[in-house]
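Structures given as structure tokens follow.
Below, chain A partners chain B and then partners chain C, in two separate complexes.
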Partner chain A sequence: MSDIIRRMKDLPSTHLLGTGTPMCSGCGALEALHQIYDVLGEKTVFVNAAGCMTLLSAYPFTPFRGSWLYTAMASAPAGAQGVRDALDILLQQGRLPSADDLQVVVLTGDGSAYGMGMSATSGALDRDLDFIYICYDNEGYGNTGQQYSSATPHGAATATSRGSRGYPGYKKDLFSIWAAHRPSYVATVIGSEPLDLAKKIEKARDMKGPRMIIALSPCPTGWDYDPRDSVEIGKLAVKTGVWPLKEYVNGQVVHTRIPRERPPVQDYLRRQGRFSHLFQAGQEPSLVDDIQQRVDDYWKEVV
Partner chain B sequence: MYRIRIHGRGGQGIKMASRVLGTALFRSGFTVQDAPKYGAERRGAPIFSTVRAAREAAEGATIKERGVIHRPDLVVIADDTLLAVPAAGTLQGITAATVVLVNSRETAATWRHRLNLAATLLILPATEEARDRAELPHIGATCAGAAACLLGVIEPAALQAAIEEELAPLGKEVVATNSDSALAAFDAMAAHRGLVTEGTAVSATDYIPPSWVELPVDDASVAAPDIRAIANSVQVRTGLWRTLRPVIDYDLCGKCWWVCSSLCPDSAIAVEQDIPVIDYDHCKGCMICVGVCPPHAIGSVPEYLAQQQEQQAKSPGEHDGRDPADR
Partner chain C sequence: MAATLLTGNVAAAWGARLARVDYIPAFPITPQTEIIETLGGWLDGGDMEGRMVTLESEHSMLTAAGAAAATGVRVFSATSSQGLLHAMEMIYTVAGWRAPFVLVNVSRGLSAPITLEADHNDVLAARDSGFLQIHCADCQEVVDGILMAYRLAEDPTVRLPVMVNLDGFYLSFTREPVNLPDPAAASEFLPPFDPGMIRFAASAPASQAVAVLGGSPYSYFRYETHLAAQRAVTVYSGIAAEFRARFGRDRGVVEAYRCDDAEVVFYMIGSFATKAREAVDRLRDAGHRVGLLRPRLLRPYPADIIADALQGVQGVAVIDQNLSMGQGGVLHTELCAALYGRPQAPVVLASFIGGLGGREIAPEEFYQMAAVTREAVATGRTPPPRLLYTEDELREIRKLQSIALVERDETSPIRERQQHTGGRDEA
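Take a look at the complex of A and B:
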């Protein structure tokens, strides 16, 4: 696993994550997770907050090749601290050869990462915990029927924002919140861009300290589209500029993909049932314009 | 009390069917309990929902039973491909008193021959052909409408009001098309109106244990699943979720395995000597690979057709895709 990934052909051809998981057909989060796991390798221990991915390891089955710890929704980083400490003590006492050390990986959804688990994460970052945090962000509480979370984008319909204007809030900028703690690494990824993802995970794998990954995860069930469109919608999220691919390293934010010719955001929005009310007759166009404006403003700052 | 179980696949509106039926029964003076199976509600995966309905006057205002219905009075099967899937449990607890309604393109005689059940078996003729069975149009509403007629205690007006109540958030158009489907199914079942009889109250004392075969108890290391085994989720065959099957045309395949094999969410495309190979035991049929394949070498085939072809290939001449009863 020490090869450097430069082009598509260098991507892992052996898949480590077991098949037969209960994730939905076309799951964007599982797509990202299996790619991440292929790069991280077997010497990992996953600490999983409650969410869709909890169902991965439902007794007696698991797709992982190593250990898995299940925590309450707000406390996965605290669980990771315990696992890391235990490994460190075993290493110190010589009871665990350093070759058998494990990478501690937190796996949570956006409900935990953007919301109720944020305080525990902030604490782990303060303590400079040596771990990787993977947030699969499907922009809502997907496992319980897609209620809105603080990752839900403006205007999206969810089970708890059914009105004609959708969710009134704006997606929280978790990347900046995490980067403000000055951890070793923060990156955004998406499963539909496997090369960009693999390069970032490879970089994170070989670092120490807190390494934070946010994977936008197109969700056929929660976003209301045909499962076959998961990759296309993911690619549109990047092309239209809705999901910037970037990383924070050595105190700098670097965009790994700058879309020069951005198609209008409605190309992305129209593909998803959760935004269909924005395009119905009688709807004020200002909602789509507002979303476009915010994307334009973002990239004005970048370029 | 009526006990009704509705089987289908995630995405067909089976939960909606139980809600509509439950609300229609409630509007007809019943105390009602309706619930979908929790935890497996994934598109294409076998799921079911249940409805219990008790007459208030006869049994008081409470239903004390909970959970899965083991002795159904009515079983509605929205997707006949599930009958061949043991994990779907469509036939669980069916007795001579049960009415089984199957949405199918085949005849009741065919299914009676195949299943050999003591129950009354009816067919809800599949009028619209959907290539992808996860998208059978309005099948949830159709099942609710047919079930309402078979129960014989729901008037069409109550059925329509229930659909309006349950589907209102989805807009007027959705309400209209679903109520048309439900009422058409209600009318189609007119000859069998009131066929379903209410089951008697169950109690612990008259519980009949299922007839099972006693097996010698193995040592725990053998009998208990090994939770320390790595990646043992491969024992779960998610391939049965599939309604469409991706098929690689190896004459067109460009051997760019890093595209389909990386983008398959389920790790169900293995790479064998630079050639992608689809694992049909686990492929859930999301069809992402079909869309992303650069040389368009992956096509899609309806799963039931693919299975028929496999059968024919296994024993050419013996099977022509039909049952002996149909010939």
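Take a look at the complex of A and C:
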């Protein structure tokens, strides 16, 4: 696991996360988690907040070879603080051999990361907590039936934004909010780009301090598309420029993939039922244009 | 060791220090802050081993406390009032984790209206959580209670978090002579925490606090927690016996003061019980057979021990320093439930609400409550619940209301508008 990942053939060939979980078929979050776990390995304790992934460990089953602690929706980073501090105390007192140390990994959805858990996350970043935070971002409160959250993109239909213009707000820029705390590392990833994902997780794994990962997680049930399309939709999110792959390290934001030729965002939007109202007859085209404009504006500043 | 003058807060800090706690997740709230300031000072000065971390909320503080205890270290924390309520989700959660640690609550009335002084609505809001509760009446009990609380929490047959309660201001900021146990004696009484297999280590992966699907496994784990809490009565009694043998102080499940031949008994918790003790002496001087029964252990609820202590008592004046809105006093309700159907239970359980937000309960009020209860025994009619409030207090509140009315009338924008429009309110 210490080999540096440079190309596809360097990706781990042993898959550590067990199968048979209750996640939906085509779950983009589970796709990312599989790849992340292969890199992080089993000497980990996952500290979880309420969300889809909470159901991974349901008594008496767990797909993890390592450890797990479910906390609550708002305070997984505080749980990580308690575990990390306790491990450090035990190591310092000689009550825990260093071989028994664990990487502490927070695992939450966007509902917790972008909203209820933000205060606890900010606190953990203030305290320079040595941990990894994985946010699987399916752009809504997915586990309760995809109500909109502050991670929901503009115009998306959700269970609580069913009108002709969808969700009126704009997706919150969690990457920048996290980066403003100047942690060791922040990165965006997606399961459909496994090499980019593995490189970043490997980099995060070998650092100290707060290492923050946001994984855009295509969600067949919440985004309304056929589960077989998850990888394709994930790739389109990157190609169209909707989901920039980037990292923050040493005070700099670096894009790890700059799509020179960006297909129009509608190639991505049209594949998902949550945006179908944008393309219905009679719908003014301004919403799609608005989404395209914002993506163009973003990349104009990058390149 | 000679007695030292300590506030209840510093006594609580000493309890944690003598317990050799490893980890202190903290968050400041009046009137608890002196506890964490004292511990922080000792840690900074090298007087004490361990690590303190200030979280960004009590919700996070309780999460970190439970998580650290679940990882295998000895944890201490402290809060009060709004902080306890802010953490309430995690109070229930970490009890369900069976994470053994000690949380001091410095009782303070709940908002609204927001206030600072003591009553017990805060700690009683946690009564159904799975946290065990030890209630202190003086500063010595705070030190002793914390040491005993760790023994209770960490007992392998119990393994639950324990709350030690002291009243804000009346104990937190009141200096009393305290005999601090010798550190070596404290260590002998309280050996290091052995988490057993319930911890996190790479060579022994564990899943803690996982979800369950369906009511059956849920019920099983909830019943387990309840049964563990119930076992804690016996376990506590054993710890108290050992404590008495080592340190010479009686810290039994209940304090029964002059109850043996009593006709009427005051029943209450916390520091105001020391006022009741004084009233008992005065009433005894006047020839009345009056006593005081004060549970130290309120969770688990020691129903049998309380019923035994009240055998032969005719009337109980239950003094609740809390108020369940629309219902009444929590201690009264629970005492009724514990005694109902028992032969030789007291005939009268009279309910009195007093001491909310630190309101004084005067000696005359204790005499009056005893008289009302005695009268009820004589007539066989239980009086309606009483909300203690004097005519003087009512007069004072009327004065405040008068000021408030004047201020409102003088400064109200409606009044100004009325003046501008010649008295006509255009709205």
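In the analysis below, the second predicted complex is superposed on the first by the 303 of 303 C-alpha atoms of A that agree within 3 Å, B and C clash if a C-alpha of one lies under 4 Å from a C-alpha of the other, contacts with A are read in each partner's own complex, and residues count from 1 in each chain.
Going forward, a residue touches a chain if its C-beta (ideal position, glycine included) is under 8 Å from a C-beta of that chain, and two chains touch if they have at least 3 such contacts.
All values derive from a computational prediction rather than experimental measurement.
Trainee: Clash or fit: chain B and chain C on chain A?
Mentor: fit
Trainee: State whether A:6 touches chain B only (first), chain C only (second), both chains, or neither.
Mentor: neither
Trainee: According to the stated criteria, A:227 is in contact with first (chain B), second (chain C), both, or neither; which is it?
Mentor: Touch status of A:227: first partner only.
Trainee: In degrees, to the nearest 10, note the angle that opens at the C-alpha centre of chain A toward the centres of chain B and chain C.
Mentor: 90
Trainee: Just to be sure I read the superposition right, which of the two partners does A:208 touch: chain B = first, chain C = second, or both, or neither?
Mentor: Once the two structures are laid over each other on A, A:208 reaches no partner at all.
Trainee: Just chain B (first), just chain C (second), both, or neither: which does A:101 touch?
Mentor: In the superposed model, A:101 contacts chain C only, not chain B.
Trainee: For A:62, is the partner it touches chain B (first), chain C (second), both, or none of the two (neither)?
Mentor: Both partners, chain B and chain C.
Trainee: Contacts for A:182 in the overlay, against chain B (first) and chain C (second): which applies, first, second, both or neither?
Mentor: Neither partner.
Trainee: I'd like to know which partner A:192 touches here: chain B for first, chain C for second, both or neither.
Mentor: first
Trainee: Note down the smallest distance between any C-alpha of chain B and any C-alpha of chain C in the overlay, whole angstrom.
Mentor: Superposed on chain A, the two chains' closest C-alpha atoms are separated by 5 Å.
Trainee: Return the residues of chain A at which the contacts from chain B and from chain C coincide.
Mentor: Touching chain B and chain C on chain A: residues 42, 55, 59, 62, 64-66.
Trainee: Show which residues of chain A lie in contact with chain B when the two form their complex.
Mentor: 8-9, 11, 13-28, 30-31, 34-35, 42, 55-56, 59-66, 162, 191-192, 194, 220-221, 227-232
Trainee: Using the touch rule from the top, collect the residues of chain A that touch chain C in their complex.
Mentor: Touching chain C: residues 42-43, 45, 47, 54-55, 57-59, 62, 64-72, 74-83, 85-90, 93, 95-96, 99-102, 119-120, 122-123, 126-127 of chain A.
Trainee: Taking the touch rule as given, give the residues of chain C at its contact with chain A in the complex, in rising order.
Mentor: 22-23, 25, 50-51, 53, 55-57, 59-61, 63-73, 75, 89-90, 93, 200-213, 217
Trainee: Of all residues in chain B, which touch chain A in the complex?
Mentor: Chain B reaches chain A through residues 10, 39-40, 42-45, 169, 224-227, 230-238, 241, 256-259, 261-268, 270-271, 279, 281-282, 284-288, 290-292.
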